[in-house]
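So, here's a batch of structures to check.
First chain A sits with chain B, and in the next complex the same chain sits with chain C.
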Partner chain A sequence: MENKKLSKIFAVAQNVLNECVRHKILNILFIFALALIGGALLIEELSPGAQGRTLLNVGYANMELFGFLTLLLSLFIITFEEIEMRTVWLSLTKPVSRSSYFIGKFIGIVFVTLLTLAVMSLLVMSLSLLSKVGLNLSYLAVVYAMALGLIITISFTLAFITIATNLPTGLIFASLLFLLGHLTEHLKVIIANPETSVAAKLVLTFVYYTVPNFALFNLKDKIYMQESGIEPAYLLLITLYALVFCFIFLYIGIKAFEKKEL
Partner chain B sequence: MTLKSFFIPVFALLLLLTSTLLIHQNNFYRENYKPFPFATVKKEPFYSFLASISGFRVLVADVLWMDTVQYVGNPVNAGENYKQLYTKARNLITLDPNFTYPYIAVSGILFFSMNEKDKAIELIKYGINNNPGYWQLSLYLAAYTYAKADNIRMVIHNIESAVKQEAHPPMLERILGSMYLKLSKKEPANNKFWTGKAVKLWLEMYEHPSEPENKKYAETHLREAGLLK
Partner chain C sequence: MTAIEAQNLVKTYVSGHFWNRKKTTALCGINLKIKEKQVFGLLGLNGAGKTTFIKTLVGLVFPTSGKVSILGKAAGHTEIRKDIAYLPEMPYFPRYLTPEEILLFYARLYELPAGSRKEKVFAALNEVGLFEKKKVQLKEFSKGMLQRVGIAQLLLNDARVFFLDEPTYGLDPLSAKQMRDIILSLKKAGKTIFLNTHQMGEIKQICDRIGILNNGRLIDEVEVKKITGSLETYFIRKVLADGK
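Showing the complex of A and B:
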């Protein structure tokens, strides 16, 4: 029974992956990302004494931005097709349960995003090798943490799209949460400020613990801070943090999808 | 509401709280997640500030470094003795105190070209405080301290050690050449020795220049010495 459910989930995921790879918009985005990372070679010429550093930093920024755009576009395409072309009815009458369909869709988008991220990171690695920029295990840790952040983003975007009455609203809310999540860490400064009122402190503390803190996954800003590398224990903890958030958002998304009128 | 539908979200929230608290206890988090320097960091342009607080702090520091390099490279700014250079350098190192190259390059210009000795020493000390493991900065501090006390022999000793490092600013080689000449005049008895060292350096700079300006510099001096036609 469980095996059947798993095979249904992976069938939906594979379908999502195929749809995304086939889609022309994704291909254009992919080429655009490659071209932009290539442009990093030109930018490094403008940064004497810090060429290697600039090359990597531009690469990291591109990977994160294009990873985010990829997941946003993939979700848009898949959700638009399932609503407008009614493909969701076809899948749900197979029969595939709503929860299996939702999880399959999540796994499919995760595959697409990780695929894009993997190719981009390989490209940055190749550019670094060509430019004789030394890379170490910290590079993989940065990409891994970035992938965790993007997976959380997929989970809450899916939940928002399901809850929202229309697709653009869901995507806008998801983008806002993505931005807010990058600012969450700075709430600590406001909470610690003695001039902040107790009520405001309580609200901000609640926000701090309930909104995903993307600064925790931002290791690209931390790798220059220490020479000993990134602690494996820290990577394990942020993995746990990402898993818990994914679980919460998927749970909310599934509950909303089960009640949604299609 | 079933017990299961109540238990699952509560368990998830507890797990979330636990993982957040565990992260806060982690050494890596405590050492690297320091409050953003809101009080000192430049807020204009706003997009640059927003990018910094949104996770692109190091990239923004790189962009500011490119801006500083363009500023130094513009001859118009030389006319006003690069008066914005120190401010620009402070802005970028406030954003990324672990960006080591600007400390070396900017303090060198401040000390030897602009005669802003105290500012150069202050900048390099700030760099040492933030990067205690990057020993090259101490070498530069020693060179500046000796130069301030007019102990040119020790300045040369420190700059020679700095020039042996692969990532040294090319300008440092020109400074070393000028120091050799200065010492050859200061110590007439050892004139031949220091001039010989200067010639050796110019030949090296001419044959293997680290930047075009170094080749020009070496060429001029070699012509003056009658070693080039």
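Showing the complex of A and C:
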């Protein structure tokens, strides 16, 4: 019974993956991302004394940006086809539960995003090897943390576009949350400021604890600052943090999808 | 045995924002029983509620009140979907997949054994004349060809109840005849068929009973053989008498 359920979830995921990797817009985006990362090598050559930081900075910034754009576009493409083109009608009248379908779609988008991230990080690491930067294993931790951040983003974007009455609204809200998640560290400073009113402090504290804190997944800066590796305990902690947020957002998304009329 | 049953089925759509909610009743208290192995045709003007009714039966939308059941189980139940097949009006598929891939995906959802999936998919593609195009991406397909892929997916799971919404929509005369032949062969095989169509000839040729839906109400239900004269005249007379 459980095997059948899993098989259906992976069938949906495989379908999403196949559809996305063949989509022209995503292919162009991917090539563009690789070209920009490749261009980082040139910038590195033009920045004497940077000792590889330019290459890694530009490389990782591009990986995060294009990882985010990939997941956003994949979700847009898949959801647009499902809802506007009604492709979901035929799938959901087959013996698959809406929760399985939703999870399958989530896994499919995670596959697409991780695949893109893996190729981009391979390129960054290859370029590091080719240049004077060399390869440092702690950079794998940077990519791992980045992937966790992107997986959380997929879960809330999927939840938002399911709850929203139309696709653009869902994507706008998801992008705002992504942005807010990158600014939550700054909220701490505002909360600590004695001039901030009590009401504002309460609201900001609520936001601080309910919005995913993406600064936790930015290991790049941590490595630069500490010039040392990352503790495995920290990686475990952020993995748990990501799992909790994913679970909450997926639960909300599934509940909304189960009630959604198509 | 009753294959399809609707009891006091009401469906109301709510649209607009929370400060400007608008309610539209698409189905008002429909009661209908369709026996197993029967072919039932639902007739109605555009906007009468035919598609909403079929979508409620297959579980894509939920009743506001009332009950809907298929083969004795609540419509929309995952298990019951093993026994049904649905063809929407103008089916769409993921554009970058091929007919073979999408049908294999559906076969997997239907829990067909891995060993026989390909065989079943190829047989269905052969039936609708698309075997040679099995590796062509669906974005290259015309409306009629997509409709044929839609027909092929109907044949995968040996369903007991078929829901067909305008099955000959967008088909050329030859393909439309092939579609009618497929429906007739399903009828011969003892399948229950629920058919939404505007084609009176199709109804006369295929259906055992018809229902007329007008403004969300089922205003008439009759056996096709009891209709004397033209079905079109009968339909128009009923709708006009109900007050369009």
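Following the convention adopted for this analysis, the second predicted complex is superposed on the first by the 259 of 262 C-alpha atoms of A that agree within 3 Å, B and C clash if a C-alpha of one lies under 4 Å from a C-alpha of the other, contacts with A are read in each partner's own complex, and residues count from 1 in each chain.
Rule of thumb we're sticking to: a residue touches a chain if its C-beta (ideal position, glycine included) is under 8 Å from a C-beta of that chain, and two chains touch if they have at least 3 such contacts.
Given the structure is predicted, the values throughout are model-derived calculations rather than measurements.
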Which superposed partner A:Ser47 touches (first chain B, second chain C, both, neither): first
Touching partner for A:Glu81 - first (chain B), second (chain C), both, neither: second
First (chain B), second (chain C), both or neither touched by A:Lys222: first
Touched partner set for A:Lys8, first chain B, second chain C, both or neither: second
Touched partner set for A:Val189, first chain B, second chain C, both or neither: first
Comparing the two partners chain B and chain C, which touches a greater set of residues in chain A: B
Touching residues on chain B, where the partner in the complex is chain A: 8-9, 12-13, 15-17, 19-20, 22-23, 26-29, 31-33, 35-36, 38, 53-59, 62, 65-66, 69-70, 96, 98-99, 101, 104-105, 133, 167, 169, 211
Chain A residues touching chain B - in the complex, by the definition given at the top: 43, 46-50, 53-54, 57-58, 60-61, 64, 179, 182-183, 185-186, 188-189, 192, 209-210, 213-216, 218, 220-222, 224-227, 230-231, 233-234, 237-238, 240-241, 244-245, 247-248, 251
Partner chain A, residues of chain C touching it in the complex: 55, 58-62, 78-79, 81-82, 84, 86, 88, 91-97, 101-102, 105-106, 108-111, 137, 150, 153
Complex contacts: residues of chain A adjacent to chain C: 4, 7-8, 11, 14-15, 18-19, 22-23, 81, 85-87, 89-97, 259, 261-262
